[in-house]
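You will see subunit A twice below: alongside subunit B first, and alongside subunit C after that.
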Partner chain A sequence: MSRKVHITIQAGEISEQTVEIAESATYEDLLNTLDINQETVLVLNGGNAVPLDGAVSSDKLTILRVVTGG
Partner chain B sequence: MTIKCKKCNNEAIIFQKYSGMHLCKKHFVEDVERKIKLTIRKEYSIRKNEVIAVALSGGKDSSVALYIMHKILGNRPDIEIVAISIDEGIHGYRPQSLELAKSLTEMLGVRHVIKSFKDVHGVTMDELAAMDREKGTCSYCGVLRKNILNKTALEIGATKLVTGHNLDDEAQTILLNHFRGDMERMVRLAPPAAVEGLVLRAKPLRNIPEKEVALYALVNSLPVDFSECPYAGEALRGEIRELLNNFETKHPGTKYSLLRGFDKLVGALAKEMPPAKIEKCRICGETCTEDLCQACKLLGRT
Partner chain C sequence: MNDFEREKYNRQILLFGEEGQEKLKNAKVLVAGAGGLGSPVSTYLAIAGVGKIILADFDSVDPSNLNRQFLHHEKDIGRLKVESAKEKLLSMNPDISVETIAEMLTESNLEALVPECDVIVDALDNLETRHMLNRLAIKRRIPLIHGAVTGYDGQVTTIVPGETPCFYCIFPRISRKEVFPVLGVTPGIIGSIQANEAIKFLTGQGKLLEGRLLFWNGLSGNFSEISLSKLNNCPVCGYLSKETENK
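Right after this comes the complex of A and B.
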């Protein structure tokens, strides 16, 4: 079983996309699917940060890019 | 199912892979502040009657550095904290972050000195970027900014100059120096000895991973800017950042190991390589290691 999660990526500018992940996927799995290194972002669920080893519990998330050049 | 904090029963907001701990907001904030206090005590002992300058860009790192220095030392009547911001003249980038820097200093009630490349060096970063150059933009920006920061810190009688360098910055620089075989620079990364004319640098965030600095700014609702400088792009550093982040993900604790190893090594290294002779720039009088300082050299003053 898989499901869809709507992602907003904030990195100076904002982009949006929908990804399909496994039912039991963690935030870490989600970032791997998107090819985003987990050291460079915070994942927010309803504005609150979540531990990345937790299971994705919402179908709407924000990824905040916090590590950029310069 | 939410994950609980290792220290209490509240909901965790972070998993620190390197420590194996899940932490809630309160215990995460405590953890960051504990590490910073320890770093200050071990490496940058604060004496009585100090004036502490904090270099403030309005980005997450320097904003967190100022916020925490104020939180730790703000109630000491003998200590003054002063923020210094530099307007490099980067259209579409710096004005916004300067506004955020101002909001933060107003919120904290901290004195704020703002200097510009245009006023001090007669040229903006935008103008420099458009010129024929020998070096990359970041070289000019770094040298000219550090020059103004040191000058301004001296003017206000500062005894320390705090910067927001975090664990990632330090680990990257250590690896970069290794890759270049540049041991002179390696030695200069160490907590410096006092030199007349150069304000002591302090990096209280050097033990905090970059991501945690960002999370700390977020949970404390600090007005910070996460945008990127349009001129950013020290190519080799970017590659090293990526390499190190990939390594850290596979082998948690790598960044700390690099810093620990460096801290053990640098004392011995410094003995082998005595510090460069200190001189005064013959053009501007700034303290440096040659007869012309880096800033005057880059600006072609002869």
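Right after this comes the complex of A and C.
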């Protein structure tokens, strides 16, 4: 079984895409599917950051690039 | 407070009174990093009259710093950033004191090097040291004001031990330090917001960015914010939540 998740990626510019993931996929799996390094982003569900090892529980997510410079 | 100080700080005494100004005068703030963020943070704290600024940075001034690190000038290339910054800050406000830490902060020397202070401002350029400072802030139960920048983007949040998610709750992973592109204006905006947070905390004014991560995107000219949640069993701040629950 798989499901579709709508992703908004905010990394300077904003882009959107829909990806298909396994029903039991975690946020880590989702990032792997998108080929995004886990160390560089936050995944938000309804505006809240989610732990990446948790199961994807929404069909609408935002991925934010983490910035580290000073 | 003498007459000259009353005159010098008059426009902000109108905001928080002489009582607030005295609070700033008696405050000790650690600014970790004397670079892109550290320049606006320490400048605004200094001219606001924060009595003691403790500046920590082991690095020396490099030509590539000069597009944003305005406390350092061409003549300072090769000097320790903390010495260059201290000179400018005391020139702007000779009535404050600036203490410097020119050693690299490590897990083993952090406790000994960082003196007692009221608040820590994270003006660093890497996640590893940020996690160390987070642990120190949690242990000492003092706020940590986080800021970071890249390119036209920046972010700020204020971490209050026991009240808000800590830095580990928000960014549990450590990514490598990288050379990042940045326009000088970006740390100017983010560092100014961090200084504003520190002054609000010290004077007891306004609403802090507690549990909120504020983003700035300079290309679109937009601010946005997200709410943050504590990790269920955070290895750094989890014990504080349990203490609160048990009260």
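The rule is short, and it goes like this: the second predicted complex is superposed on the first by the 66 of 70 C-alpha atoms of A that agree within 3 Å, B and C clash if a C-alpha of one lies under 4 Å from a C-alpha of the other, contacts with A are read in each partner's own complex, and residues count from 1 in each chain.
Here is the rule we use: a contact is a pair of C-beta atoms (placed from the backbone, for glycine too) under 8 Å apart; a residue touches a chain by one contact, two chains touch by 3 or more.
Note that the structure is predicted; figures quoted are calculated from it, not measured.
By the touch criterion defined above, A:54 lies against subunit B but remains apart from subunit C after alignment on the C-alpha atoms of chain A. Once the two structures are superposed, subunit B and subunit C can be ranked by residues of subunit A touched, with B on top.
Touch criterion not met for A:18: it reaches neither subunit B nor subunit C.
Shared contact residues on subunit A (touching subunit B in one structure, subunit C in the other): 10, 12, 37-40, 42, 48-49, 51, 64-70.
Only residues 10, 12-13, 37-40, 42, 44, 47-49, 51, 64-70 of subunit A touch subunit C when the two sit together in their complex.
Contacts from subunit B toward subunit A in the complex involve residues 1-3, 12-15, 22, 60, 138, 168, 209-211, 214-215, 218-219, 226-229, 231-234, 237-238, 241-242, 245-246, 248-249. Across the complex, subunit C meets subunit A through its residues 33, 35-38, 122-127, 130, 147-155, 170-178, 180, 182, 187, 213, 215, 217, 219, 226-229, 231-232. Listed in rising order, the residues of subunit A touching subunit B in the complex are 10-12, 37-42, 48-55, 57, 64-70.
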